[in-house]
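Each of the next two complexes has chain A plus one more chain, namely chain B in the first and chain C in the second.
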Partner chain A sequence: MQVYRAFLKILKKNLPAVSIYFFIFMGLTIAFSRSGNENSKTQFEQEKLTLCIINQDDGGLGKDLKDYLSTLHKLKNIKNDKETLQDALYNRQVDYILYIPNDFTEKMNQGITSEVLRTIKIPGGTAGFFIDTQVEQYLSTLKLYLKADYAKEQAVKQAKKDLSVQTKVTVPNGEEVSELEPAFYYFNYLPYIFICITIMGLGPILMAFQKKEISDRNNCSSMSLKNKNMQITIGCITFVTFCLIIFMFLAGIMYSDFVFSINGLLSFINAGIFILIALAMTFLFAQFAKNENILNMGCNTIGLGLSFLGGIFVPHEIMGDKVLQVARFTPTYWYVIANEKIQGIKSFAHLPKEVLISFGLEAAFAISIFSIGLIITKRKQDAK
Partner chain B sequence: MNSVVKIDNLVKRYKDLLALDHFSLDIKEGEIFGLLGPNGSGKTTTINCILSLLSFDKGSVEVLGKEMNPQRYDIKRDIGVVFQNVAVFNELTVYDNINYFCGLYIKDKAKRKEYVEDAISFTGLEEFRKFYPKKLSGGLLRRLNIACGIAHKPKLIIMDEPTVAVDPQSRNKILEGIKELNEKGATILYTSHYMEEVEQICTRIAIMDRGKNLAMGTKEELKRMIKTGETIEIEVYQLNETQQKEIKELPHVIDVKYDEHQLKINCSGGKHNLVRILDYLQEKEIAFGRVYSQLPTLNDVFLEITGKELRD
Partner chain C sequence: MFFHLIKYQIKKRLNTKDELFWSLVFPILLGTFFFVSFGGFFDKYETFHAIPVAYVQGNNKSLDSKYFDNFLKELEGGKEPILEISRVSQEEADKLLKKEEIKGIIHAADSITLIVKEDGMDQSILKGILDQYLQKSSTINDIMKTAPEKLEGVINSLYEETNYLIEDSFSDGNMDAMVTYFYALIAMSCLYGCFAGHTIAIQAKANLSNLAARRVVSCTNKLQMILADFFGTLFVQFICSLISLGYLTLVLKVNFGNKMPLIICTILVGNIIGIATGLFISAVGRQSENVKMGIVIGITMTECFLSGLMIQNMRVIVEKYFPILNRINPASVLVDSFYSLNIYDTYERYTKNMIILLTMAAVLCILSYLTVRRERYASL
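So, the complex of A and B:
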């Protein structure tokens, strides 16, 4: 096992560089999986702001407006003093100050809605526009009912009723939110890490063995080519197995409930197949890479390219149809599909066929990429 | 003596380029056989064909009495190669590199350890065993390259220009080492475009150019193949054409050249050539300075056979 031992020695020499990648990616994955969890609200909730309303109207409609706004926002009582009010706005104690003048009801009855109120807002802030729109909506609706000869109380009631109609907003996020969500993100980012770590960890070793001078010297030796290739293959498998174990071990520590469930087992299989794809890609890429700079470049291009295109960093739901059509030709797409479907599985009996199809397609990708690498190696040999 | 390498009518083409043109060679056991030729003459291609690293279009290659092919691992066991370019792992130390390449031939751990130590001591790398190749000087790197090629104690050692870009001190050490390996029983095929090296260590030499074997023999035999037996160079301050003609008519003189006060006379083998020429110059009262006389070199042989210098 001379070649295998040399393989491990070279790997050991490269390990500090790989470890840096490992820790950076690990940190990012954990951060992403946490932020992914926090940002994964699937329901829209209206923002509430802090308002100060100075109501000087004695006709009643001012009070109704105040009541209406209190259902949408938080109201704060502040002394009606110019300086105190300005300070409150400056110190962000309130986001908006609304003056309802004493002739407000009178003007509304006359059908005047423009410039009947006075407001003070934070300059450049969006909060002012938001409340302006709501106040304007209320006044327009109320005016409509008053013009239609509704009694004052009835008009207010109808206006409030109309404006209470809400549209349900659902943010597209694929599956339902579940307790397993952090683990989903952890497993979703794994392909990117696998691609980078295998290219950076195994690429330099494969390149060293494929260097013309070394390869010639190896081929001149009394050890058969088959034996040498087998030992290099065992070396590669050792590395990817080690990586897989490490990442599963960490997943086990962070998301133990998930990892020791049927979902964890299927995620492990999904990751296991994908790391073979990463290995095949490294094998293929090492045939072309002439030096470590090209290896670095390839690592970033392939890793980021496949991650963005396949839906690792960007959910499929917000990707365009044409992009998705192209994405189907990437292994990362099928990995993500499998990962999404795995989250909802409760038992093997309910295993969706999409998961098995994705596994099969991923394996087909691994075999195809590896075969292309072998054909290129054979052609290089034949060219001699 | 048995043939260690026997090449018969080898033809190798790279598309339209004929790299080896019916090239034949027979290296006997115990020889240091020199393959001399300018860059691009086909030396490395010949070596790669011997090692089955390259396929060839026609001819045959026998090594240690057996026909060579990529699967003849039994033959490969007895071959050591030192390539022109340093072939070591930059990620392994000096010791690990030698141990790795030796391990491709020697499975027995204890024996391998002994062989690795021998190779380290033979190449004088004792102090550098824990060094990585990038920390070694050019000369030391070449020595490591040699150690990796010879550690398994092969019967046939093929060295492809092992002294390229090496300082004179390291070069001498390498050449002495090659002689020592030969004395210990190894047959050596040595390629170079440095004629001095080949002349210094090789017992038999083949001169090749454009894929052809132009001449083969010991250095004395090669030198006898050409007309020039002695080259005399004299610093002469003034010499007219009549005098040049008269010198050319002297016995054994083949050719006379006079350029920038240097008179160069090629003579065929014969005694007293120098005395005869100096007598003529004194008789004609021609003032002269420094005088050199030298026997023909392999460069003269190459020049006469091909019409060009070895390093052209």
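So, the complex of A and C:
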């Protein structure tokens, strides 16, 4: 098993470069895993946004409006300084800024209905529209009572009473508003890491055996080509199995409930098929790469490209429809689809067909990429 | 001699394919990935579009339902409709909701009910609109009971045109927060000059490369040699960053605001700081070339990470817990400069950022030169 031993020796030398990706992965998982405390709920909850209200009104109605809005949204106190407010709005620390001028009460008492308040929001934004309608509803209700000659305090009291009337909202039976488990994010980032780790870990080894001098020397030895290739294959399988075990072990420590369930088993199969795709890609790419710099370029381009396009870093819902149509031609897209569908499964009897289709397509990707690699090797040999 | 050296440095840079990949091709690729992934986020998630909804009328048609129908018609009409209503049967509406083609079902029989599948902004707006109708009815009923003589005036005032709110804005800049990723990308493209800066140092230190050993025995002044390398590299790096910027603004149509000349100036300063960083790290210390390269990559990637290349609001998080880091991290200062140019109409913050960057670059360059000058080797 000289070839296998040489394989492991080169691998050992490459481990520091591979371990960088391991730490990147841990960072990504910790940064993006959201807490899964709200697993399911059947009650509708109105959206709560963050408002900054700058109230300069001393007539009382400004404070009433502020109190009313505080029951619907979160209020945030921010220094009344243009730059600070601009930063807060841009970074979405506040969704809406409302200036209540000092003549607000006076204008309302006079029945003025035009431009009594100043707002700053993301132009054309949904959040701004939502709060606008609530502020306008409050003011128009108040105006009706003032028009009917109610005293100011009485009008505010009546308006607040009316505004407490709410539409009944129901969620259809059996529909649960569910949120994704943190383990979902863990498994979602795995393909990126698998691609990087296999290309950076196995790429240099495969390249080393393909070097002209080494390959010529090996070919004239007594060892058969079949035997040599078999040992390299066993080496590759050792590496990917080792990677898979490490990442499943980590998942087992972090999300034990999830991993030791049917969902964990299916996620393991999904990851297992994907690492074969990563292996096939490495095999194919090693045929072209001439040195480690090219390997590094390819690793970043393929890893990031497939991850962004396939929906690993960004959910499919955010991506445009045309992009998604192209994304269907990437293995990462099907991995993500399977990973999403695996989350809700409670038993094998309810296994959605999308999961099996995705598994099948991923396997097809692995086989086709590997076949292309084989054809290229054959061509190269024939050319010799 | 000086221009001759610059010319050859430029030729050498253009022939170093590896460095060109990281300075030119990689930012363009990453920009494309960013664009296809979340280029449409602002329009899809933050911009208001008419909400698709199904309207199911129950059997119990009271007089009220006529008012409610009119109320809905007003919402779906006009130049900027708020709702996109499909008037269908209950079964059809359920199907549409299940397929997520609509955001909710408005069911009007004895009372008005809203059926939704999940929480969300559109669903909350739908509820808010229906609340408006119910609340207005309650107000009219109250006034009818307590002050019936005022009712006519009140109802007339319902139809008055009102615009209580006046929309103001701080600036006409692009408020899409996702552009921060592209700012960080341009900053990264500038700072990738560090690889070329590293090469300048390797070419000037005789203990690190054969080329440098040959160069230091020549009669050319070392300051002239390093300056020529620096300007030649800066020229190529600047062109690469400009091509990346051109691709982002002209092909992908990313909106960086309307102060393009100043953005280009910022990129030039960014390139200077990028090259200076690589030059400094590789000029000081006695580590091998590979170790130095590792340190250069490590520092640059950390700077880019902290400026928001991987997580958009990273700069905000750093500002909250460790603000000084945002003032001294060149990537964050660059991102902040692009941001200030886009959002503010004053140049105070931008000027401050430029002074920080130029001072840092000057300090790094002077220190690098002091380290490299008059170096003597006992043996090589």
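Just so we're on the same page, the second predicted complex is superposed on the first by the 239 of 384 C-alpha atoms of A that agree within 3 Å, B and C clash if a C-alpha of one lies under 4 Å from a C-alpha of the other, contacts with A are read in each partner's own complex, and residues count from 1 in each chain.
Note that in this section a contact is a pair of C-beta atoms (placed from the backbone, for glycine too) under 8 Å apart; a residue touches a chain by one contact, two chains touch by 3 or more.
From a predicted model like this one, the values you see are computed outputs, not experimental measurements.
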Partner chain(s) touched by A:I214 [first = chain B, second = chain C, both, neither]: first
Chain A residues touched by each partner, larger count belonging to chain B or chain C: C
Contacts of A:K13 with chain B and chain C, given as first, second, both or neither: first
Touched partner set for A:P123, first chain B, second chain C, both or neither: second
Which of chain B and chain C A:N91 touches, first, second, both or neither: second
Touched partner set for A:Q2, first chain B, second chain C, both or neither: first
Partner chain in contact with A:Y333 - chain B first, chain C second, else both or neither: neither
Partner chain in contact with A:M223 - chain B first, chain C second, else both or neither: first
Contact residues common to both interfaces of chain A (with chain B and with chain C): none
Footprint of chain A on chain B - complex, ascending: 48, 51, 53-55, 70-71, 73-74, 76-77, 79, 81, 83, 85-92, 96, 100-101, 103-105, 148-149
Residue ranges of chain A in contact with chain B within the complex: 2-3, 5-6, 9-10, 13-14, 204, 208, 211-214, 216-225, 384
In the complex with chain C, residue positions of chain A that touch it: 28, 31, 44-47, 82-83, 85-86, 89-93, 99, 113-130, 132-137, 139-141, 143-145, 147-150, 158-159, 161-163, 165-172, 175, 177, 293, 297, 300-301, 304-305, 308-309, 313-314, 318-320, 323
Complex interface listing, chain C residues touching chain A: 18, 21-22, 26, 29-30, 33-34, 36-41, 44-48, 94, 97, 111-125, 127-132, 134-136, 138-140, 142-143, 146-147, 150-151, 153-154, 157-158, 160, 162-171, 175, 177, 310-311, 313, 316, 339, 343-344, 349
